[in-house]
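Heads up, the next two complexes both have subunit A, just with different partners, subunit B and then subunit C.
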Partner chain A sequence: MKLGKKELIMLYTNLLRARRADERIVKALQEGKVVSFYHSGQGSEAVGVGACSFLRNDDYLYPHHRGHGLAYILPKGASMKAHMAEHFGRATGMAGGVAGFHGVDPEHGIFGGGGTIGSQFPVSAGWGLGAKKNNRGQVVLCCFGDGSSNRGTLHEAMNLAAVWKLPIVWICENNLYAQFMPIKDAYPREDIADLAHGYNMPGVVVDGQDVIAVHEAVSAAVERARNGAGPSLIECKTYRYRSHSEGSADIAHAEPRPAEEIEAWKKRDPIKLFQEHLLKEGILTTADVERIEKEVMAEVDEAEKFALESPRPDPSILPKLLYQE
Partner chain B sequence: MSKVGIIANPAAGKDIRRLVAYASLTGNREKIDLVRRIILGIDSTGVDEILLMPDYSGLCPQALSGLGGEKLRAHCRILDMRATGTQTDSSAAMALMAEMGAGCVVTIGGDGTSRAVAKGNRDVPVVAVSTGTNNVFPMMVEATVAGIAAGVMARGIVDEKKVVTTHKRVIISENGVEQDMALIDAVVLDQPFIGARAVWTISEIKEMLCTRAQPDTIGLSSIGGSICTVLPEDDCGLYLKLGEGKLKVRAAVLPGVIREVPVAEYRRVKLGEEIPVSQRPSLLALDGEREFKVSAEDNVTMRVERDGPRVVDVTKAVREAAAKGFFIDTQKSKH
Partner chain C sequence: MRQIPYVMAINEAFAEEMARNDKIFIIGEDVQAGTFRATTGLVKRFGPDRVMDTPLSETVVAGAALGASMCGYHPVADFMFADFMWCAADEIFLKTAKWHFIHGGKVQVPIVLFGNIGGGARVGPEHSQCPESVVWHTPGLKLVVPSCAGDAKGLLKTALRDPNPVVYFYHKRLLGLPGDVPDGEYTIPFGVADVKKEGKDVTVIATSYMVQHALAVAKELEGKISVEVVDPRTLEPFDIDTIVKSVQKTGRVVIADEDTKRCGVTGEIAMQIMEKAFDSLDAPIQRVAAANLPIAGGYMEQYVLPGPKDILAAIEAVAKK
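After this line comes the complex of A and B, so read on.
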């Protein structure tokens, strides 16, 4: 798919939407407005935005947990208001304000997530089987981090998906740390994409700071899956700027993450890189940049206002969430 | 003191061509095995020191640690440099190895890796072992033999004049100043993004300049090779303008991907002949990877010169060594 001006600006806007919404949730958390805890996705937005901006509504998405899916679900069509409201514990949230960060939006193929790292793999394999049986050309995007790539569930699901040629794109957002564990100390290999070998599917490594690189790789894998050629594994090398979760120590093992490492990655900020490129190519002007910033901030303000003004969930719904009447 | 360097690119063989074509995924496990066999090949020739490029994946330390009972005669030394995880590592390592007096360097990767190495130094002879995707420059050769060839080269067992040739390169100049280079082909693309780097949409290719063009190789230069063969030893390059017009050729542009390509114009070009990039703005793919941005204002030209890397012919090197009796142990042999 060749991207025109409209699509390029949409990618840029989605990057900015994910970043600004993330920043607002962090701020709200610090102000005591947010009920759940939060895993910021700042720094790695190009992965979700590049992967999900051109999917079909009926494609299934299991988002990565960074930003609680922001960079993935906003481009897929989910509402920023509902995402924000969920974090503020409001009935208008993506899961009625009771799930914290496991947002649901069936209209856009988003069915929540599991708190257990690695639970996305068998669920996605199931969706993949459903998509294949539906025979409507649907594709599943299953997103995970380096930290979940050594779970047994990954291997079981990838094996089954490969045997049955399920239409799944496995997307690894490798930000180099599994909570406090540097990847180099937890894996016998550098590239998680190497796992693809064992399951007889293509595996590629892309620059996760480059939204176009991610888009190109995921689009190729999606097309391949839609055409019945089976699953693929895409590893996006990226980084998170903030600690594993807000309030937790920003450490590698028991030492602070190296400041020079964080600074080096910030120099390759995905929004900055893409903005510079679009300006240079004349696709954006500085006036456009300012206008988009204002529009995005207005959307974020509105989402927060919506969340704050929404009612709390009615406690009487709790039994209904567990038991069928 | 004889020294051989090894530059193994951990990123080679993992790009998008696994999705848009049928390229193989080359895992790091395989590269570690290759490095190990190269080390053992080099060591068998009596080289004093083996210099190794560090990288994030730790290919070389892992190769060394897995040698088990094999006791090496050569001293193995990992270069004192900081890996960045980019192709500049290969360039920096090559420059350092040249400075340290390496008599030969073995590279593991594809055309992209070979190009990065050549940017570091083009005087030290190289043995290029193929693992990447667009492999015109590196050879499909057993790693052990590649190591032996590098060893006999560095030790001066074989006559350099007989086994080493100087490859051509495409030089990219911007406003008269050399800015970049390619070993096989420079391709002008009508698209602005580097993105996933590889080139697979043929309709985006406007023109190209190749140092060699052969129908028996894979990649974009094979488009030219399908019409007019230009070999490494020919003192010329091949220029092509793609688009409707003169011919339609079938070429193996990517692994497993044979495309019909319209060619509007083609001609051999002399060494040193400047070809202006007519499509501006555009993007140049160098040896199969989107790399160099051409702005609307700048005057960018391409030319072929024979001042590329010096390449060791592995077959000739080991045969020459054998002919000189290098592999015969005179003390243990019965005459």
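After this line comes the complex of A and C, so read on.
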């Protein structure tokens, strides 16, 4: 799909929404307002935004856990307010304040997530099976990190999806690290996309800092899946700016991550790159940039205010949540 | 005596035993850094061949530990959060626990399965469990649940000398808690409960972090109810004799454990007391454990997990009867 001015500005706005919301949660955590932990997604927003901004509402999405899904779920239609409220432990949160950090929004095809890395693969195969049986052209986006690709669950799910031609796009957010583990010490090849050959599906590597490149690769794979041609794997090369989780050391194995590496990646910031591109092409003016910044900050302020003013859940709901009536 | 934090005591035990036995090595995700600092710094001293960062692959961490143990090594498989052992359920529960037995005792599988347990971080049901009952339920796995720094060190040293698979669960909320740790060499045998505080009215049997709660409550009740706190320290093997002795003295029992109540540690201990000391009981046994629910995250965690208030209420209830 060739993007017009409106779509390009939407992509830019989504990038900024994910970034500013993430920054606000980090700040709120430092202020003691966030009740659980947080894994910032700053630096890799183009992956989720490029992949999820033009999906159908009834497509299924398993977001990657960076930003606890922000860059994926906001473009998919989920509410920033509800994401923030969940992190603040409020009844208006995505999971009613019971999870603390899980994003769930079935009305937008987001069925939730797990705490164990690698658990996204098998359940996504199940969504792919559901989508195939539904026969309405739905697709599944299963998003994961470089580290997640080390789990054996990947093999079982990708194999099944390939032989059953399930409509799944596997999207790897390769940020070079899994907690403190550099990918080069956890995987013997350069590209995780190479795994695709073992399952006879397309495997594509894209620049994860380039939101358009991500969008184009994912769109092609989504079309393929919608048309019944089966799964694809897309690897997005990217980076995370902050440490693995807030408060954890910023290290590789037991040594600090190289400062030059962090600096080099920050020079290729996905928002900066895209903004420069849009300004150069005359799609945005500096006045537009300022206006969008203001609008996004207003949304973030509003979301935080909403979260802070929302009540905590009533604990009497807990036993009622165990089984469906 | 010297006081050091619980997690430093664990770290010391690793260092001492690794120096003593070059067959010991640690494998798992981020063990060189040490997510909870239990293994931090060991790579400097023992090198990356003995403190091995693995890919994010719990199944092969458990499987490789099992395999290497059969070749004459003594691996420590670190699962970071004990919850993640579930990703390697086949290797742990169907293989590691059973292979010595099912192969006629012809192979040895000396492994320490190391995991961090417990709530308190409000991070939801997949990072907060105390999955003791599932392990205890499984014949073939020893199970260590230390409640203080001194026990943490002495019991880990014993685990690293045991020719069997030992599951070692250390609690999040105890990591920074300082405790007495003797200078120099010592070990603590498995299957020997410790009376953490003597008392004569009520016996509280508590595990892991619950021991610290029980001691605090016992202190609060001083002058009103005299509470004896007994810590089994290892669940398998289990020292029922020390517990029976305490029950014979007090006649009143509270059992506190952070795992889920149903089919949990507390129920097993209660039944063993029934079998061995029914005639000594003056009141029905009270159990303090997690609600039969997944551990909610955020502010809801506290409504699922047991705390000092629950121990206090249970003690008052049995003391009245």
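In this section, the second predicted complex is superposed on the first by the 322 of 325 C-alpha atoms of A that agree within 3 Å, B and C clash if a C-alpha of one lies under 4 Å from a C-alpha of the other, contacts with A are read in each partner's own complex, and residues count from 1 in each chain.
To be clear about the criterion, a residue touches a chain if its C-beta (ideal position, glycine included) is under 8 Å from a C-beta of that chain, and two chains touch if they have at least 3 such contacts.
Bear in mind that the values here come from a model prediction, so they are computed numbers and not experimental data.
K.L.:
Put subunit B and subunit C onto subunit A via the superposition and say whether they clash or fit.
P.N.:
Partners fit side by side after overlay.
K.L.:
Could you tell me the angle at the CA centre of subunit A between the CA centres of subunit B and subunit C, given to the nearest 10 degrees?
P.N.:
120
K.L.:
For A:97 in the superposed arrangement: first (subunit B), second (subunit C), both or neither?
P.N.:
The second partner, subunit C, only.
K.L.:
Just checking: does A:251 make contact with subunit B only, subunit C only, both, or neither of them? Give me first, second, both or neither.
P.N.:
Second partner only.
K.L.:
Just checking: does A:266 make contact with subunit B only, subunit C only, both, or neither of them? Give me first, second, both or neither.
P.N.:
The answer is neither, since A:266 touches no partner chain.
K.L.:
Which of the two, subunit B or subunit C, is in touch with more residues of subunit A?
P.N.:
Of subunit B and subunit C, the partner in contact with more residues of subunit A is C.
K.L.:
Where does A:35 make contact in the superposed view: on subunit B (first), on subunit C (second), on both, or on neither?
P.N.:
In the superposition, A:35 touches subunit C alone.
K.L.:
Touching A:294, do we find subunit B (first), subunit C (second), both, or neither?
P.N.:
So A:294 meets neither subunit B nor subunit C here.
K.L.:
Return first, second, both or neither, reflecting whether A:181 touches subunit B, subunit C, both chains, or no partner chain.
P.N.:
Once the two structures are laid over each other on A, A:181 reaches subunit C alone.
K.L.:
Quick check on the superposed pair: does A:115 touch subunit B, subunit C, both, or neither? Answer first, second, both or neither.
P.N.:
Only subunit C; A:115 stays clear of subunit B.
K.L.:
Check whether A:197 is in contact with subunit B, with subunit C, with both or with neither, and answer first, second, both or neither.
P.N.:
Only subunit B is touched by A:197; subunit C is not.
K.L.:
Considering the aligned complexes, could you tell me the closest Cα pair distance between subunit B and subunit C in angstrom?
P.N.:
17
K.L.:
Flag every residue of subunit C that touches subunit A in the complex, lowest number first.
P.N.:
For this pair, the touching residues of subunit C are 29-30, 32-35, 40, 43-44, 53-60, 83-84, 86-87, 121-127, 291, 293-294, 296-301, 303-304.
K.L.:
Spell out the residues on subunit A that touch subunit B in their complex, using ranges where they run on.
P.N.:
2, 184, 189-191, 193-194, 196-197, 202-206, 210, 212-213, 215-217, 220-221, 224, 232, 234, 277, 281
K.L.:
Any idea which subunit B residues touch subunit A in the complex?
P.N.:
Within the complex, subunit B touches subunit A at residues 10-11, 14-20, 25, 27-29, 56-58, 191-197, 201, 281.
K.L.:
Quick one: which bits of subunit A touch subunit C in the complex? Just the residue numbers, please.
P.N.:
For this pair, the touching residues of subunit A are 35-37, 86, 89, 93, 97-102, 114-118, 147-148, 150-152, 178-181, 185-187, 248-249, 251, 253-254, 312-313, 315, 318-319, 321-322.
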